[in-house]
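In the two assemblies presented below, chain A is common to both, partnered first by chain B and then by chain C.
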Partner chain A sequence: MSGASHFVEVRNLSRRFDVSKPWLNRLIEGGGRRYVEAVRDVSFDVDKGETFALVGESGSGKSTVARMLVGLMSPDRGSVTIDGTSITGEASRSEQRALRRRMQMIFQDPYASLNPRWRVGRIIAEPMLALKVVPSSADAASETARLLTLVGMSAGDMRRYPHEFSGGQRQRIAIARALAARAEFIVCDEPTSALDVSVQAQILNLMRDLQQELGLTYVLISHNLAVVRHMAGRIGVMHAGRLVEVQPARQLFVSPQHDYTRMLIGSVPQMSSAMRRASSTRGAPCP
Partner chain B sequence: MTRTTNEAEAHGRSVWAGVWQSDLCIDFRANRLVLVATLLLAILLTASLLAPWVAPTDPFDAMSLDVMHSNLPPAWQQGGSTEFLLGTDDQGRDMLSAVLYGLRTSIVISALGVLLAAAIGISLGIVAGYFGGFVDTLIMRTADVQLSFPAILIALLVDGILHSMLPALKRDDSAAMVIVISIGLSFWVQYARTVRSSTMVEKKKDYVSAARLFALPSRTIMVRHILPNVMSPVLVILTINFGLAIITEATLSYLGVGLPPMRPSLGTLIRIGQEYLFSGEWWIVAFPGFALAILVLTLNLLGDWLRDALNPKLR
Partner chain C sequence: MADPVLSVRDLRVEFPTRRDLLVGLDGVSFDIHQGEVLGFVGESGAGKSITGAAIMQQIAAPGRIAGGEIRLNGQRIDKLSRTGMERIRGRHIGMVFQDPLTSLNPLMTIGDHLTETIGVHLGLGRRAARDRAVSLLEEVGIPEPAERLRSYPHEFSGGQRQRIVIALALCAEPELVIADEPTTALDVSVQAQIIALIRRLCDTHGTAFMLITHDMGMIAETADRVAVMYAGRVVEIGRVADIVAHPAHPYTQGLIAAIPSLETDAERLRQIPGAMPSLSAIPDGCVFHPRCELADDLCRTRRPVLAGEGDHRTACHRTAQAEYAP
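This part shows the complex of A and B:
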């Protein structure tokens, strides 16, 4: 019973990519198919209202996990269960829609994640109409205005195009779009890594405020330990496709168990020096 | 109430100002050659599309033809008449009217052909690029095979197939359709290749992933999201291909596969005219040829400019 009570359950997720040469080259030059194991046997749970972070260097498989979590990519093995419903199993279109409604994704590059030819109003209204969250396009328009103010923009921005906004504003639009689907579970794939440092904190704080207000559950993918420490309750460390360590955020920075985690924390210059300074002046480890 | 109309006016003005101040428009205004080409093209297009109202006579109305007026030279030459500015042919047809009507036929048929080519090419290209794999291979290899057939061979094939399927069809009636289909079938490959490669770039962008998260069917994603984002190179090809299609239509008509002498296009006029070239009636072939050259040249200039102007790397 305790195993089934988690909101999101990820079990033995695995995925490999075919990187073989083309068929004709294989035939003439010899050599069989070759695969890259991007994700191997990744299992973790996320509770409702929690932020679970996945950290790791580029190529460690965290984005692949993110895409499998929302069903953009199907795993070779393993399963993802959200509130008791498997997203990897066969589902009818209406079941699929019901599931999609609950989980959305915020992408890394806000310059590529919004259709450049669409006005913001249409971008945000699209999931509502596609997933049948609202009955009519008039309702969608008023809901869009509400969401825009919720993410700190003005309702008049509906009539503008994405290129008229800065990266941070676009990421706010992307967040509004995820909320438009009435998502409870949002996978954030490096949501701030394409943004200026000054804007990063604003977006992260917005995400946290929305989480408290709406009871959202986040899986946060990041390579930035400062971001992760600011946001996450628990942190999973990925290395070469494996989840090497899962710990509550505070504990991970104080007593990392795995060698790779220690290396990762040690490799952030401003972080370790800040920690040293904090411990030397106040005599206590940084929270 | 007044406030909203003022706002609307201001909005309308800003849209115009936006268009006027856009990079494309500034580039356009700065380029004299393109301005002249566009002006010429506009004159040709309006004059030909309004041919029934602009032309002095209806060259297809047999009742108005008078053998007494046959083979008259242009107005400025010895023996010419101001009634027939560009002279007449052997049946007494006014060449100016014939050229205007011929231009109209050429333009309409080529435009339909190019649009058909674009429709086939864009839809196949977007499907090939979006789905990839076997579908992609099938469509693109078909395109490769297609390239080895010249337009004239396709025209003969289409003509043959159409008449074996519909024996009652008169060749003169079906000629226009045959040419439109042949132009469509011989020009689609370029659209398919361009759209396929742009689609492969676009489908990897996150706005397409986001659309997939809304459980939208592939067809909707292709039409609503990808199509508008792959259209700008297509616009350039459309312009350049339009010129090529006019030449293709003229070639087919010149070779006799195309439009009949009763409803001549520019190519048909040139074919008729070249029979009189050596007997001294140069104007029967020269003016349709001149109109054809100007039309294709202006279209190519416009297409070349558009290609450069839309390519940010050449700015």
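This part shows the complex of A and C:
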């Protein structure tokens, strides 16, 4: 696999966390340092305009990969290269700064990711001004209005505070903020798991529409296999810090290769199981 | 048909505030029979958890049960005194909550939890209580139960803790267990095990379960019947297989179509426009009409009641031959 052909290239990413006891306890009780290998030797590529998903259960390391992808956390080993520029060290500060503008992250909890003391207008305008994508704050305001309409809200919502909005609306605001810096690459860490299903459908549809309109590249982190299958072109399955399998989305569910993937798919509650159970031998429950 | 274990009729729960009166539940009626799992599904704020809390008389003040009746094995329990209700809780109705860690005391061993509860409800001696605790843990699938009695809650995984909470709920062989989002905090593989456990207990002990969840897939795997709630009302109730295959209420149809599936492909998910009304702005007529494509003048002015043939009933003017509320 040669260098510049993929938009995002992740190579041999590893990260461990120190979970040792405090030094005094180690001194008294003995025992050395202990580490958790959160991510071990993970490599994958993402093409421009594609949605690549990482699924796994809690503790599988998927969120740690997400954080390393956008530079919120540095890897112990391995590299992340986006559009030819490495975010893990070698590139110059100005190159990294230019790159940071092009990538953004959407978090799981829309209640925690928006500053409650800022009006929505300021929340969305801030990355534009900080990364100098617009020349003046007047331009930032008109751009904010455009973005709010783009994500299905109204320009007047600029003057309101986050607490005035529902979870789904807040996630729309978070998406508008991610787009404010003209990001091309968005890492979404469980973007809909705090939302109700009908609202989840609204947000997933919005994410797809924006991808088609703006040519966005997504890395979607989720524990929900159905969401991932609906959204992603390719899926990587993580288990205990390792990427155990990468396959095209439809293919993964037809012919999962790894035992863990098979177990994961098998345990998802399915709507159709109601019909299967009804027609099985178990009779009427009530006498 | 035998008498239901739990029978709820026209339950109404109100929350008076300084400005106005919020109605949390309005005209909720249902029965749960022995050995049956009745699922309650709906989005946040639909009133699923309030229904469970009302049955346990655990509505936080100033909220109150303002009307209707709740019968357990034919006896009214909604008017019971505090001490009267304490004899019902745990003994006749068990509870399982979403977060197993907050339902367990971190300073008590699992053995203390179980033997105390068994002692209070069944009046067994220490040795008999301990034996029962071991057999309960064994039943819910905790390996080496006799040794684990000395362990504290933090020494168990999330799934094991939820099994322990289920064992606690079953201590006194209650006729009914109310499980409020029992698997929401758990991974899917563990969730599947808890679902299997609930089904098995239901089939072997004849325990009736009231299963509250936002997850339609969980309902499909576990429940016999399902009640779909919206803005404090039951909008559709019936056998799970019927409702999943032929949802009648436009809200149920939208809810099911909004779920991405592992089995079918769709370019776009169906989305229900707007959001559920807040309790301070419940619309007149059918509560769903502002979001409904089929709504007409009747829907805007008259409230539909649950109606329909057999045990599949729907509160909708447009899809059922509804009788009209006065």
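Heads up, the rule we're going with is that the second predicted complex is superposed on the first by the 262 of 287 C-alpha atoms of A that agree within 3 Å, B and C clash if a C-alpha of one lies under 4 Å from a C-alpha of the other, contacts with A are read in each partner's own complex, and residues count from 1 in each chain.
Everything that follows uses one rule, which is that a contact is a pair of C-beta atoms (placed from the backbone, for glycine too) under 8 Å apart; a residue touches a chain by one contact, two chains touch by 3 or more.
Being a predicted model, the structure only gives us computed values, none of them experimental.
Legend: residue contacts after superposition of the two complexes on their common chain; A:Leu204 is shown touching chain C, with no touch to chain B.
Put chain B and chain C next to each other and count what each touches on chain A; the higher total goes to C. Of the two partner chains, neither chain B nor chain C is touched by A:Ala240.
Contacts of A:Met263 after superposition on the shared chain: chain C is touched, whereas chain B is not. Shared interface residues of chain A, touching chain B in one complex and chain C in the other, do not exist. Looking at the complex, you find that chain B touches chain A at residues 205-207, 209-216, 225, 228-229. Chain A makes touch with chain C in their complex at residues 57-58, 166, 168, 196-202, 204-205, 208, 223-227, 229-231, 250, 253, 263-275, 277-279, 282, 285-287. Within the complex formed with chain A, the chain C residues making contact are 1-2, 33-37, 43-44, 187-189, 191-192, 195, 202-203, 214-222, 224, 239-241, 244-245, 254-256, 258-263, 265-266, 268-272, 275.
Interface residues of chain A, counted against chain B in their complex, comprise 67, 70-72, 93, 96-97, 100, 103-105, 107-109, 112-117, 126-127, 130-131, 174, 177, 181.
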